[in-house]
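Two complexes, one shared chain (chain A), two partners (chain B, chain C).
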Partner chain A sequence: MNGFEAKREDKEEISVVYLKGYLDAHTASEFESALQELVDEGRVCIIVNMCGLNYISSAGLGVFMGFIEDIRNKGGDIKLAEMTDKVFRVFDLLGFPMLYEIFKDEGAAIAKYRKP
Partner chain B sequence: MISTDDKQYRLRIPSQTDNLELIRDFVAGIARRVGFNDSEINKIELAVDEACTNVITHAYENKDDQDIDVAVKLDYQKLTVIVTDRGKGFQFSDVEMPDMKNYLAELRVGGLGIYLMKALMDEVDYKSRPGGKNEVRMAKYLLKKK
Partner chain C sequence: MHRTFQTLTAWILPVLIFFLAYAVDVRLVDVTGGESNKFMIRELTVAAGLILMIWSSRRSPCLVQSGLVQKLRLFGVLTFPFLILEMAFSGDYFGIRPPVNILPGETGQAHFAVLFALTGTIMAVWIFHIIRSLIFIQQSRTTRGNYRFMAIFLILYIISRLPADGNAPILFLPSRMDTSMVPVDIIILALFLFSVFINGFRCKWMHYLNHQQKIAVFFLFIVINVLAVPRVLDSQTWLSTGSFSPLLGEFAHAVLIIMVIYVSMACLGILLQLPAAKLMDQRKKEIESLQTLSATIGSVFDNDALFEKTTNLCKNLLHADFVWMSLKTDDRYAVVRSAGIRRSVPDSMPSEMNAFLHTKLVENRETLFFSDVYRGKQVPGVKRWNQRIGSLVAAPIRLKDQVLGALYAGTLESYGFLEETGDMIQAYANQVAVAIENSRLVQVTIEQERYREELRLAHVAQMRLLPQEMPDCPGYNIQGFCMTANDIGGDFYDVISLSEDRLDLVVGDVSGKGADAAFYMAELKGMIRSLAPHHTSPKDILLEMNEYLCRHFDQQTFVTLLYAILYPKRKQIRAVRAGHPPLGIVRQKEVTWIETKGLGLGISSNDLLKKSLRMKTLPLVKNDLVVMYTDGLVEARNKEGQEFGEMRLQELISDLSSGEVQHIIDETRKEMNRFTEGVSRHDDITLMLVKVNP
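== the complex of A and B ==
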């Protein structure tokens, strides 16, 4: 049984990636592939929904950092949604709230993309 | 009453990233048994994960057939995890908050892992012996139950 899953759902111009399980040095490459696929398709309005994510290490956080500059240069973004407190603590320790928009629910992240 | 019974648990495991989950479960299981709360257990398992990830990627340069030794020691004061490897030694200088602009560079040299270990645990020490064993020692104090 695989301990990690990155499932994609396209909602018009926005792609939501649902993470489930644990994101560590072993599973990071799978998340990386999921983001790479979106970038290759030119889909750069991305939301990562983490309600099913129960663990993250610096390797997992590194995947976000590996893509964010390129995605923002292309006019897109990676918005973060529905983190548990446990996962947020790790993001917070590494200063992510300064660099990323974090939303309590996916709807708010979608609305942010669509705000005129 | 102070118990003089120190306990020790050891795990020797191959240097593969798919073993990180087992290592986390090992230390978390002991931490739970000793009575740490969920938040403290989360911190311990993440710190140990970061140490072991650094061993796999840096000390062993992703060779997957080397040994990582994870020892958990308990005394009346604290839980100590000692991660030992026989690979390349490491520059374990005092790491300040990583510069996020250099996040990827920091990640590549293991700086983020070290920073997290120091933020998550009460004590962190590193010994590197040229040609010998390298050891990361980290401890979390048992708090008195209120």
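== the complex of A and C ==
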């Protein structure tokens, strides 16, 4: 199967998760663990940077849905940044832009957290 | 046919030939040319008979197919009568000697002579064959050569013993150690004896006998020798076989010589071998025990039987006084089995000793061998243990890097084990490790099988839920297909005919894991079918579904749907898109995608969904082609990892759009198969087409 990586980088109160490769049913669990780790630590201001993401399947999308309610209840959010056009199309078809804030670059997402 | 030929040549012909010679003797057959001529002809006839008998009985099934023990039994059964025959009725008994000129009064004895000679010869031939087959058991490169050497000198020896001239007196047979023996004869005799001697070393068959059998054979051979040796060395009388024909007599005598030498060397071999044989038996049992353990591993899931067998084997076969096995359970090592000792005893080992053993076995993974535990002073704390112990062997039960436990064997006296025994105990410990790993793997396999079966059933369910046939819709042609993936994909499509002017077309995709997706799909299909007749607006249907989904499906599962209502009479189509790839209309090879806004189902509350869903109604004209598909189609990958993509799909349906719907379906299938060749599909591919008839 194709490779996948979810790398975390903390920027003060915000945690950025960098996704790389193919996010599908086989690799979704890795993304899940990364988000779970953040929630367990109480770090709920999350940005998912997808500049390295080649593909996302419904299993990958499901991961977002599994966490978003809980994170928003805790006063946090998952903001999405730097998607490729192809990945954006997938999100767009599904209607995710209505639920999630999507940014062209990470900086804008961080700014949104700091100055809502 | 073959059998009768064999019997014929083995028995009947030789007998007839011998009787032919006899006939010459008693003048039934008249041969001219004088005494020596008669003698020659008669002996040659006998020789022919003998050769024929030897050659054909060689292949007799009794010899070829019998096992070692049967051969030895046959040997015993033949030699005694043979020896008795030759002993009891020596040549003198008959008082006659060939050649010929048997006087009328003497025919009675001549009959007996022929019968004895025949019997004796048959036995001699068989004894010879048995010895030959014993020599050839487990033959090496030189066996055949040595045997031929002996055979040649056997023939030469026999010839050398026959009278040189035809004018031999009637009572002639020279004594064995005749001073008139010519140097050539002595050389031939010496070489003959030597050739038998070297063949005497070929006693490999004795390895196949067990202890008792060896002793039985040993005594049998001793008795045979006791009876035979005097006959061999006796120089004054000749064998009864010889009274009919000197050739047969010499043959029988030569066979006796071979027998005596071979049997003596076999006896010596057995005697020398006996102690080593006992050890070999022990080794053999040890190897068999390993085989038994291996077999137990294969056949039983429950390892208790294996552990029990192992500890018992250690105790009984390896002569340990006590044995115990400890295995790791939940991070601790506990005694699981013991023999010859109560479990509480190893449990109550002094902590020093326990720690020492732990270090050596678990951390260093060594096999321990202590011949004299107390005096050797190698095991700390052992004197404080409430168990007397002389020698100890401990073998770790290892699996790659892990130590799962250990097998211990001890004796009360010191020096209770040979070094090889330590190896054996380690071998048993290895078997235990294999058994444990095997059980674990079998468990894993069972679970995998179960999962696979689950998937298979879900797959079957999924296939059942797809439309088995399309409803008739005059003026339109509707077809669809779903190419399922190896894992459960969750695609579905349905066509619901509600009235003359309403045909609901649905294509959907359930996300989620494995078998769950198929079950959700079933639920959804049912829901749609029951909701459809009660709603005129597809939007309402989707809202009802969304509410159910959000409440009853798990959080991570969502559904994308494309709901289109075809109004055949009005020639209209109304579509709502919920997170799904858009509906397309192909008109004159131009494709228009209806990309209305719409959130997927099961993602958010009805409020948001209601706000997001958009419905579009479009007219249809003749030859229009309506296209509905799932993302599996555009996301299908080829060997190079490229996606099929929206562009390719657009081109494909545009090209095919003028044809018959079934043709378009078939061509698309073919194209998808061709594109994804060599790659296993990871998502279902669904396509539904509606063509407005021209």
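In the analysis below, the second predicted complex is superposed on the first by the 113 of 116 C-alpha atoms of A that agree within 3 Å, B and C clash if a C-alpha of one lies under 4 Å from a C-alpha of the other, contacts with A are read in each partner's own complex, and residues count from 1 in each chain.
As a working rule, contacts are C-beta pairs under 8 Å (C-beta built on N, C-alpha and C of every residue); 3 or more make two chains touch, one makes a residue touch a chain.
Since the model is a prediction, treat every value here as computed from it, not as a measurement.
Student: Do chain B and chain C fit side by side on chain A in the superposed arrangement, or is it a clash?
Tutor: Once chain A is superposed (C-alpha atoms), there is a clash between chain B and chain C.
Student: Have a look at where A:A111 lands relative to chain B and chain C in the superposition and call it first, second, both or neither.
Tutor: Touch status of A:A111: no partner.
Student: Just chain B (first), just chain C (second), both, or neither: which does A:A25 touch?
Tutor: both
Student: Regarding the shared-chain residue A:L99, is it in contact with chain B (first), chain C (second), both, or neither?
Tutor: A:L99 contacts both chain B and chain C.
Student: Touching A:G3, do we find chain B (first), chain C (second), both, or neither?
Tutor: Only chain B; A:G3 stays clear of chain C.
Student: Does the superposition put A:G62 against chain B (first), chain C (second), both, or neither?
Tutor: In the superposition, A:G62 contacts both chain B and chain C.
Student: Taking 456-464, 528-536 or 618-626 from chain C, which overlaps chain B after aligning chain A?
Tutor: None of the options clash except 456-464.
Student: Please identify the positions on chain A that touch both chain B and chain C, taking each partner from its own complex.
Tutor: Residues 24-25, 55, 57-59, 61-62, 65-66, 90, 93-95, 98-99, which sit in both footprints.
Student: Looking at the complex, which residues from chain C come into contact with chain A?
Tutor: Chain C reaches chain A through residues 487, 509, 511-513, 555-558, 560, 578-582, 597-600, 603-604, 608, 612, 631, 635, 641, 682-683.
Student: Which of the residues in chain A come into contact with chain B in the complex?
Tutor: The touching residues are 3, 22, 24-26, 55, 57-59, 61-62, 65-66, 86, 89-90, 93-95, 98-99.
Student: Of all residues in chain B, which touch chain A in the complex?
Tutor: For this pair, the touching residues of chain B are 16-18, 20-21, 24, 39, 42, 46, 49-50, 53, 56-57, 97-98, 100, 103-104, 107, 112-113, 115-116, 119-120.
Student: For chain A, which residues are in contact with chain C within the complex?
Tutor: 2, 24-25, 55, 57-59, 61-63, 65-66, 69, 90, 93-96, 98-99
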